[in-house]
Amino acid sequence: MLHEIQGSHIIAQTPFDDRGAVDAASIDSLVAFYLKHGADGFVVGGVSGEGGKLTAAEAELVTRRFIAGAAGKPVIVGVSNPGTAQLAQLTAQAMDLGAAGVMIAPPAGLRTEEELLSYFATVFGLIGDVPVVLQDFPGSTGVWMSVPSILKLIEAHPQIQVVKQEDLPSLEKISRLRAGGGRRVAILTGNNGLYLPQELGRGIDGPMAGFSHPEMLSGVWRLHQKGEVEAAHDLFDCYLPLLNYEAQGFWGVAARKEVLRRRGAIRHATMRQPGPKLTARHQAELDLLVRRVERAVAARG
Amino acid sequence: MLHEIQGSHIIAQTPFDDRGAVDAASIDSLVAFYLKHGADGFVVGGVSGEGGKLTAAEAELVTRRFIAGAAGKPVIVGVSNPGTAQLAQLTAQAMDLGAAGVMIAPPAGLRTEEELLSYFATVFGLIGDVPVVLQDFPGSTGVWMSVPSILKLIEAHPQIQVVKQEDLPSLEKISRLRAGGGRRVAILTGNNGLYLPQELGRGIDGPMAGFSHPEMLSGVWRLHQKGEVEAAHDLFDCYLPLLNYEAQGFWGVAARKEVLRRRGAIRHATMRQPGPKLTARHQAELDLLVRRVERAVAARG
Amino acid sequence: MLHEIQGSHIIAQTPFDDRGAVDAASIDSLVAFYLKHGADGFVVGGVSGEGGKLTAAEAELVTRRFIAGAAGKPVIVGVSNPGTAQLAQLTAQAMDLGAAGVMIAPPAGLRTEEELLSYFATVFGLIGDVPVVLQDFPGSTGVWMSVPSILKLIEAHPQIQVVKQEDLPSLEKISRLRAGGGRRVAILTGNNGLYLPQELGRGIDGPMAGFSHPEMLSGVWRLHQKGEVEAAHDLFDCYLPLLNYEAQGFWGVAARKEVLRRRGAIRHATMRQPGPKLTARHQAELDLLVRRVERAVAARG
Amino acid sequence: MLHEIQGSHIIAQTPFDDRGAVDAASIDSLVAFYLKHGADGFVVGGVSGEGGKLTAAEAELVTRRFIAGAAGKPVIVGVSNPGTAQLAQLTAQAMDLGAAGVMIAPPAGLRTEEELLSYFATVFGLIGDVPVVLQDFPGSTGVWMSVPSILKLIEAHPQIQVVKQEDLPSLEKISRLRAGGGRRVAILTGNNGLYLPQELGRGIDGPMAGFSHPEMLSGVWRLHQKGEVEAAHDLFDCYLPLLNYEAQGFWGVAARKEVLRRRGAIRHATMRQPGPKLTARHQAELDLLVRRVERAVAARG
């Protein structure tokens, strides 16, 4: 069941070839790369996965291919859509393809708790009994959900089995969700994992984020599970300078794809237009940061 | 050619039956109603037409049916979409179905002229040689386009043949677009037609709006064309109290559908969820306003 | 007591001379003009009164002069401020000058009910026992307050004696606030009075708006009080075309000041910079609208 | 001259005592602490300095006291204000008190380049010949200034001597401003210094940021000046986990004040209401992070 989900869930990149077409072969190598580095599950169709740039047919292809490669690990599909009818259709399609659940963020334009509760009553009425990750990402959606509002949604809709918490600052919000009582859901956190050690201390069930070095996400999670808090910090700090660099919006995604390419996970670092293109200066910044990360990891032993 | 477009272009409602399904028979009666009251063209898939609530298959059905009934008048299809690949696909589909062109608004999140120009360079590269209505509707999109920016877009992209101007206040913007020189495009105005007499005085080519009494839109246009400015104001003022009532966002759309139902244009006033439902109080307000409009129109003779 | 406030409350313009300085003599003539046309009270320092363009010393002068001329009618002072310490200081000063109360809107940036309740707990703790108009104007502030949130604020803070309701669409919100139970507060409505007849039918206690013809605001109010609903609509409709023209943001305010100048209420129509300047085209539009309003009012007899 | 400004400029905190009053004695110790750790200048009245919570009299006191303690280093005063008359008055007051210049961000609500250029033409006309830091901080103001817009402002207004660049992602923007030609201005960067090493590589003249360990800001700057890029990264990376923690909006500011208190720079960590209060959990997170930073710095030798 999704509400017992744990561990390191990867917001997967969508690989494109040098002409901008979906690169299906690179999906296979990418999912293998993620699994090799400890992934416990995947999200496709997310914002940083460039899900919004895909046609319906491409989105289906990407989902199908990820599920095929995922070795049974759960694949969650982002289905947020300004239209509820389209959202319901995308949800049905995702579940037909074998997804473990869908991820839904409220659409831009909801402004009060009433509008929020009304929106989700419509949505959950339409999609039926499907496991849902409720995404709390106001920096992207412009919709702010308070802790009491989220708790009301959880109580009203048993489909919500996970909250993806990426409202910055996240720490108090996590503590209050955990203290809120009611039905237990899993809490995973995004925001590129920038506060992962503290978030684990606040009681989350793992990261749900993208990074060029997914071994950091899974490694920090496993060390924390074993109670080795200082070691988890040590590992996290080795990667933090690069993680921070990859947190620069779509420029960060471009950097991440370039590092994934260098590591052999995908064949091309192409981002579909409209999107940024790295310059020589960015490449030099990445050279330095990656070299320093490798040195720090090696020194840690 | 679309850049010579003139007259009264209707932002068409989408009729739903009492269970919320698209009511195809009501499309036929609605388009006939619009034509009978002087429509010179149509827009389907717009915001107030609830285009965002349709699945892809429904949107195709609605477009097809409107074009079938339009008696050769131009039908423009709204294809704005956060994803450029999807936008291109919707555009190709609309043109295949026989649309006269497509309407595109910039997506939420564009913030500077540079981002705007870059976005449309991508879009116009993808869609090819298709006649486009550029929609300037910042109250809905959150994207503000200055007059110089719009003029740059017109010069760069010959596909832009019409500007739908609905940035409030609209009057100076219309005057400045007209004074801007460069290639001539048609300018049509939305905003429910609330400033139609003044906008006509500023040099627009007609309204592109929705209203339960489309005879006002076409009537004011034709009187103004004949130079009968006072008579155009007289006609407009008869309807203004109801027009103002229908300008209340989606509540106004619900009122408009109810009046269209009362007039026999559609069978049901249903709005698809999520959307407002009129109360007895609203019905009484409409009773009074419609009665007063009818009296004023009759008194005018 | 402010919670028993009724009638027509004018959002007062601030007159400037042709060099942009506060024109104190015009304040005296303006307040006399408002009183002559039926004003039951005033608000100074509001958004459309250009309160945000005044220095502290100027704001004090304007408040003092309005109170001096108001013949004992209540003067409410807008004190919204991003800083709570400054807000408290402005409140104390306004009450010292003889204001009947202050008007407070939540500052931009509040996003959830929790933040809202917390903000006002701080504010009401600081200002003490002062009568307050709570301004619900999300189009300007970007802060959306739901009906349950407003009712919670009313229950928590006895200082709130009036709600100025100008969230568009306003009608259902008014009905729900009135049906909400709890302590009764006055409800006055802004939004340039565009929905005044319907709002009166929903149970408000009067308009709180600006208009170049304040006799419309007081006249509609008094007719409605006497139960003459059709007559109230008749009067309203005479003015609606001009009212609608004055509803064009700061362009509308510029038009309003020009009409007030033409009517002898103020000596100069100057708006302080930054602000719009009417062109010859605007003047011609106003000529036509004012002439038509005068004709309609005369025809009504 | 301000356009030759370089080095580490501190966004200064405002110390409050345990009752929330300005703690003047702590200003003296705080400025001494900053100087001891390498500050080359100061900004008072900034967002993270809680400038928006001060009354006019308090703001004057804080400015006066900072200038008195600054040992001749330049003190810049934040004077952004929604009202241009108030902004002009604050500017005159700051310069009278001995400020080296003022910092101005465009107010919320400006949406196109035209509005931006018009706003600053008004402002620079009012304030006269005063050295200005133009603050580019869209995450706080909601106003996006493109590189061409900023270059136009620099050419039009010789008062602009510094650009404070804190539009995230910042790196390409810095490179493009530097490549933009025209009159040279200093570029300093905010955003808590999170990208300081890369920003220095892009050609900035130093940080303009707050941090509980200002020796990092000055140290990284000086190492970079000497061409010791790897050493600059080494130093930066020691502090990055804590820097990242202090980047959590006003929660981060609360953490920063607490660490400044622990280090003896101020007597109380109080934030003025409304503002967050650290919990025992936050204190424990800070204990761990500070201990780790100290260990890393010591290990570096």
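Things to note:
Which chain is which? They are A, B, C and D, in the order written, and residues in each are numbered from 1.
As a convention for this text, a contact is a pair of C-beta atoms (placed from the backbone, for glycine too) under 8 Å apart; a residue touches a chain by one contact, two chains touch by 3 or more.
Bear in mind the structure is a predicted one, so any value in this text is a computation, not a measurement.
Steps from chain A to chain D, minimised over paths through touching chains, total 1. In this assembly, D is the chain whose CA centroid lies farthest from the centroid of chain B. Two copies of one chain, chain C and chain D, touch each other, and the residues they use overlap strongly: the shared fraction of interface numbers exceeds half. When the CA atoms of chain A are superposed on chain B, the rotation angle comes to 180 degrees, reported as a multiple of 5. One finds 38 Å separating the Cα centroids of chain C and chain D. Chain centres here are Cα averages; for chain B and chain D they lie 47 Å apart.
Counting only residues that touch two or more partner chains, chain A has none. Taken together, the chain C residues at the contact with chain A in this complex read 111-115, 138, 144-149.
Put simply, chain C touches chain B in their complex at residues 168-169, 171-172, 175, 194-195, 198, 201-202, 229, 233, 236-237, 240-241, 244-245, 248-249, 251-252, 276, 279, 281-282, 285, 288, 292.
Against chain A, in their complex, chain B makes its touches with residues 52-56, 58, 82-86, 89, 108, 118-119, 122, 272-274.
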